[in-house]
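Below, subunit A partners subunit B and then partners subunit C, in two separate complexes.
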Partner chain A sequence: MNAPLHSGLEYWLNAPDDGPDLAWLDERRHGARARLSARALPHSKQEAWRYTSLKSLLEQQFTAIDEPLSALQPEDLDTVLIPGFESHRLVLVNGRYAPELSMLGELPAGVRIGGLRDWLQHDPESLRGQLDAALGDSEAFFATLNSAGLDDGLVVWLERGAVLERPIELIHLSVGLDEPRVAQPRHLVHLEAGAQARLIERYVSLGEALYCTNAVMEVVLGRDAVLKHERLQMESRNAFHLSGFYLLQDENSRYSGINIGLGARWARTDLNTRFRGEQAECVLHGLYLAGDGQLLDYHLDVEHAVPNCRSEENFKGLLTGQGRAVFDGRVLVAKSAQKSDAAMSNRNLMLSEQAEIDTKPQLEIYADDVRCSHGTTVGQIEPEMLFYLRSRGIDASQARRMLCLGFAGEVIDQLGVEAVREHVAAAVGQRLT
Partner chain B sequence: MLSVKGLRANVGDKEILKGLDLEIGPGEVHAIMGPNGSGKSTLSHVLSGRDGYTVTAGSATFEGHDLLELEPEERAQLGLFLAFQYPVELPGVNNTYFLKAALNSLRKARGEPELDAVAFLRLIKEKLKILHLDDSLLKRAVNAGFSGGEKKRNEIFQMALLEPKFAILDETDSGLDIDALRVVAEGVNALRSPERSMIVVTHYQRLLDYIQPDYVHVLAHGRIIRSGGKELALELEEKGYGWIDAELAA
Partner chain C sequence: MTGASAVEDIVKSEYEHGFTTQIESDTLPPGLDEEVVRAISQRKGEPEFMTEQRLKAYRHWLTMREPEWAAVDYPRIDFQAISYYSAPKRPEDMPKSLDEIDPLLLETYNKLGIPIEEQKALAGIAVDAVFDSVSVATTFRATLAEAGVIFCSISEALHDYPELVKPYLGTVVPYTDNFYACLNAAVFSDGTFVYVPKGVRCPMELSTYFRINARNTGQFERTLIVAEAGSYVSYLEGCTAPQRDENQLHAAVVELIAMEDAEIKYSTVQNWYPGDAQGVGGIYNFVTKRGDCRGARSKISWTQVETGSAITWKYPSCILRGDGSVGEFYSVAVTKGRQQADTGTKMIHIGKNTSSTIVSKGISAGEGRQTYRGLVRIGQRAEGARNHTQCDSLLIGDRCAANTVPYIEVKNPSAKMEHEATTSKISDDQLFYCRSRGLTEEDAVSMIVNGFCKEVFNELPMEFAVEAQKLLSISLEGAVG
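So, the complex of A and B:
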């Protein structure tokens, strides 16, 4: 029998018992749970949690969802779909894969996509080595909690050389229930050597519901594989959002991720990258917009464990009202990781006196032949720029909005699909009115 | 059209404009010349409504409107235009989007309907030609990464598009080589009309070889100390600005 977890967090683990019966999986869940009960809750004395309190999260007393929500009809999705965006669409409702709402379409040879729970039922052995492959025995508290409650999610598997032209769209839809509920989906993405795909991950809700998401995605990129990944966090403004992203890259693989954070009341995102083959490249872009009543917290951990890899992190933040954001970026270059190339930047535009940003880019370099840089800025709209626009007849509020959109546009423009780009630009624009 | 009377303005505690008078009628081009620090840029900025200046006395009226009471965008909507000495880079703000927003703001203020996309694009292409600008400029961010010459041409291009009643060209010649200067000046000349007045602020007479003013004023120590026809510019070219202090001391 496990000791109870702190602050009622064991109620996050009340997963239904109708899942696949796998000894090795139970072992993993129990192992994760045992690690948690031996550990204290994250607290503000820890560097990684210095600026973000768990108080409001724990106060909600979230409980795990015990049965899938079956009442949704395909037309309920209409409000969340992006017009004109054609994708291989997978929908999770409150953390559970909903095949009846998904539209996978035809997949080329060598591409397998499906729900984690189904996969574990039909082909458990293929996932045995994959689950926790990128996460490992992570120290991260909430990712471990996700492992302990592991139940459903998405699996994307591209075999050697498989190329998926059309993007995969993962819609993580949350629907408010009578009590505050937490969903803990686990996603696995595995691109074997030379495979290529684009994955668009969306966190959305029906209405302004109160709920919690604690998602973990593990990605393994084989040699020469290419993954373009866009994550759009547009949760309900009453929601709590935790997400852990764990990436392992083999030789010459390319990962490019764009993180857009607009929603949630309280959001914590951990992005972790580890190179295990040379000549690999990881680019992380981010844009967050925190307004009244919002806290958006980003932690990046990029580990150059081998030589000759390149990483770039470019995060931008817009803060309005009493919005708060945290950017804590760390690049570690191991002693043997010579010729590493790492550049980290975090730029913030403060649109009110009450907004707050805590930004902390860090480089930890143990190799002596590297090219590394980091920089951070916190500023306001330049009066010069504002005057320039106004001198052309554009009124002050529109001018401010244009400048903010311009600032955000440098990230939004990186989004690879036009319909998605327009969707995000419109959402950002709406927030700035 | 524009009437400036006894204008005094400070930057912080320092008085820069010390009682400046200027009358400009419709269609007239006035050159304002003067040494560095004489108040030329301050005058441009005060008239266009930039922050950072305190007007302590005097008035500036434009077609009966008290300019100094108006926001910068309201001045622009009345038909005032400033070609910046240092055009500002706006990274991430697309040029086409910017031009459209500006033009439509002015049209809206005049009670005219917004231009549709086709009409707007046709208009833009026509104006680009005047300044020998390539339409690749439209896809770029406003002034971002532009060369000095491109920036100045972009200013006059905006002027051509927005068709102001009154333009202030603040040291438009600074930083231009002779070819770029010629293109900019041709652009300005193409925009001269009996209804459009201009102030051409410059340190050097060179620009006035290409844009011939109706009047030349010498600004020194915050006041206009001499006014005349275009021959005054030539005289300044010959004598430099050294005589001013001697004259003021006398």
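So, the complex of A and C:
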């Protein structure tokens, strides 16, 4: 018998059991569930939850989605799509893959993309080794909760040497229902040796609905594989957003990730990277903009387990109104990981009296021949800069906006697709007026 | 010389200051209960309020749990196996001058290279030498008295100036603060009290040499320094301990209070016994040090050179309460052999236009393990607060570890704060450059390491800076190949 879970989290798991009937999958769900009931809820005495309280999340009594939402028509997506952006589009509605809204288009040989549920139905064995491959035995509470409620999501699989030119666009669309719902999608991305792809992951909603997302993505990059990954979190301002990203990199693989965080009322993002092969590289950029009533919490965990790898983390934050942000980055260099190169930076611009930033960039180093550094700054707009612009006839609010966009631009400019870049720049600009 | 064998060499090198002086001690049997707390207070002839405060602390301590968050490993401490009081014999017959001091004791100091007379003459330093738990020698009292500065043991101060001690003791580090500070509040044996009156610039550097001597005796020092408005004092603390087998607990508490425009400079050179090659027998150094910048424009500066102890757990902090107050922390910490250090600082910005500087240099060799753990908190009303933090780690050998765990909490938009950290080893290029100019490998390393630490050494008073550099060179002899 299963012991009940804490504070109503039980209801996160009560999705109808109409998925594929697989003994090994059930076993994993139950295992995750058992681990959860044995563990206390995250609390502020734990380092990883020091600055973020679960109180507002637990007050909500979210329940799992019990049936797919079928009433949406392709036109309903119009407000959500990025004009001029051509992609292999996959849409998840409230955590369920919606093929009727997706536009996969033609895929080159060696590329397979589909819903997790369907995949488990038709080819379960191929996923047996993929599921939890990057997550491993992570103790992260909400990732384990995701495992316990595993239902649907997306699978992207590129075979050896496959190169996908057009970006994959993954749209998490949330639609408000009569009671607050939680969706727990799980995505698996596997690039075999030499494969290359670009993945754009978007979290959006129809209207300012109240809901919760608890997504987990696992990515495994084979030898020489290259993945460019852009995550745009633009959830409803009433939403709660939890996402866990777990990356495992083989020899000489390249990962470059850009995280944009604008939405949600309460968001917690965990980005985890582990190098399994030498000469691999991981670059993580981030931009978060926390305004009134928002809490955006980022946790980075980069593990150099083998020698000769490079990691770079560059996160920038803008805080307005009563916005709060947390940045907790950790770089671990294991004993054997000689010649590691790691640089972490977190810079914040405080734009209001009531904003708060808590930042904690950590280095944990057990090897001697390494180059590791981290830097953090917190400041406000320099009066000299404002003066410069004002003396050239630009009014104060416009000048402030320009300076903020300049600050954010360093990250936004990294976005690889022009249409996406413009879309993000416009969204950031709008928030700054 | 290869790196590995060189590291072996220092790890194996005997502790230079390892000897024990045979002096009979008046020691309480091991164990801790209310009776022991009362006995300590009674032996020291303390006023009633102190006995009560100690008991209050002891009762609170019973409800507390040992902290486990620091990145250090050590066997659990059996607090009932420690003796909580040890005083040199003849407590009623305290020496009035150097002539009266036990010649054996004087010899001990001479062996340690701190001849009191010489220091009096050469360095112009008043020495309040602490031998175990009771101060036995205080010099230069007259000169200081002339300036109105009180510099004495805390038990003496409780006797002679209770009205000066009572309003301050325990106000910066309350007994409820943490496990070890609470233990200290219950059983503190002795320590130093410094009071600098309004507008006085202390005419000399004040210095206390600690030395742990009696076997199995935990040392619970209590230091309180009060600098009244517009005054200045520089205080030096240095220590070295004889070799022994069992781990020793040292849980000191240091409280600094700086009023308006006052400045306190607190320097430490710590070189306690680090334990043998297996890490057995070293000192546990669990210290709570905190300064309170109460007045506007006051300044507290901590400088530390930490080369000893098996385990160090120490975070000298500044509470920047007064507007325009300044906090500084300069640290060099060396861990080698099996030493572990979890050290750093806290800068709590409360007042307007407060500023703080943190410079931390960690050197880890052999199987040493080191963590910088620091907090910079800028409160909502700390308009115009400024912080600059730099923590660099130097790794020597592939079995050591260096961690950096900074916490930065900002609640005011006008704050300007910067944090930088790097971790690296001595680069081959640097070594090659020096060697191509005829330096031996050892000299080159010593030079590079000293350069790495220079920013901190510059902050030390001159005599200390020389000592610290020597200590560093000895500590790292042959550490790099």
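In this text, the second predicted complex is superposed on the first by the 433 of 433 C-alpha atoms of A that agree within 3 Å, B and C clash if a C-alpha of one lies under 4 Å from a C-alpha of the other, contacts with A are read in each partner's own complex, and residues count from 1 in each chain.
Criterion: a contact is a pair of C-beta atoms (placed from the backbone, for glycine too) under 8 Å apart; a residue touches a chain by one contact, two chains touch by 3 or more.
Only a predicted model underlies this, so the values are computations on that prediction, with no experimental measurement involved.
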So, does A:L127 touch the first partner subunit B, the second partner subunit C, both, or neither? neither
Classify the contacts of A:F387 with the two partner chains as first (subunit B alone), second (subunit C alone), both, or neither. first
Can A:L403 be said to touch subunit B (first), subunit C (second), both, or neither? first
Answer with first, second, both or neither: which of subunit B and subunit C does A:K335 touch in the superposed model? second
When the two structures are overlaid on chain A, which partner does A:A98 contact: first (subunit B), second (subunit C), both, or neither? neither
May I ask you to decide whether A:V216 touches subunit B, subunit C, both, or neither, giving the answer as first, second, both or neither? neither
Subunit A: partner with more touched residues, subunit B or subunit C: C
Do subunit B and subunit C land on any of the same subunit A residues, and which? none
Which residues of subunit A touch subunit C in their complex? 51, 319, 335, 338, 348, 350-380
Spell out the residues on subunit B that touch subunit A in their complex, using ranges where they run on. 48-51, 71-73, 75-77, 81-82, 84, 87-88, 90-94, 97-98, 101-102, 105-106, 109, 141, 158, 162
Residue ranges of subunit A in contact with subunit B within the complex: 382-385, 387-396, 398-399, 402-403, 405-410
Complex interface listing, subunit C residues touching subunit A: 378, 380, 393, 395-425
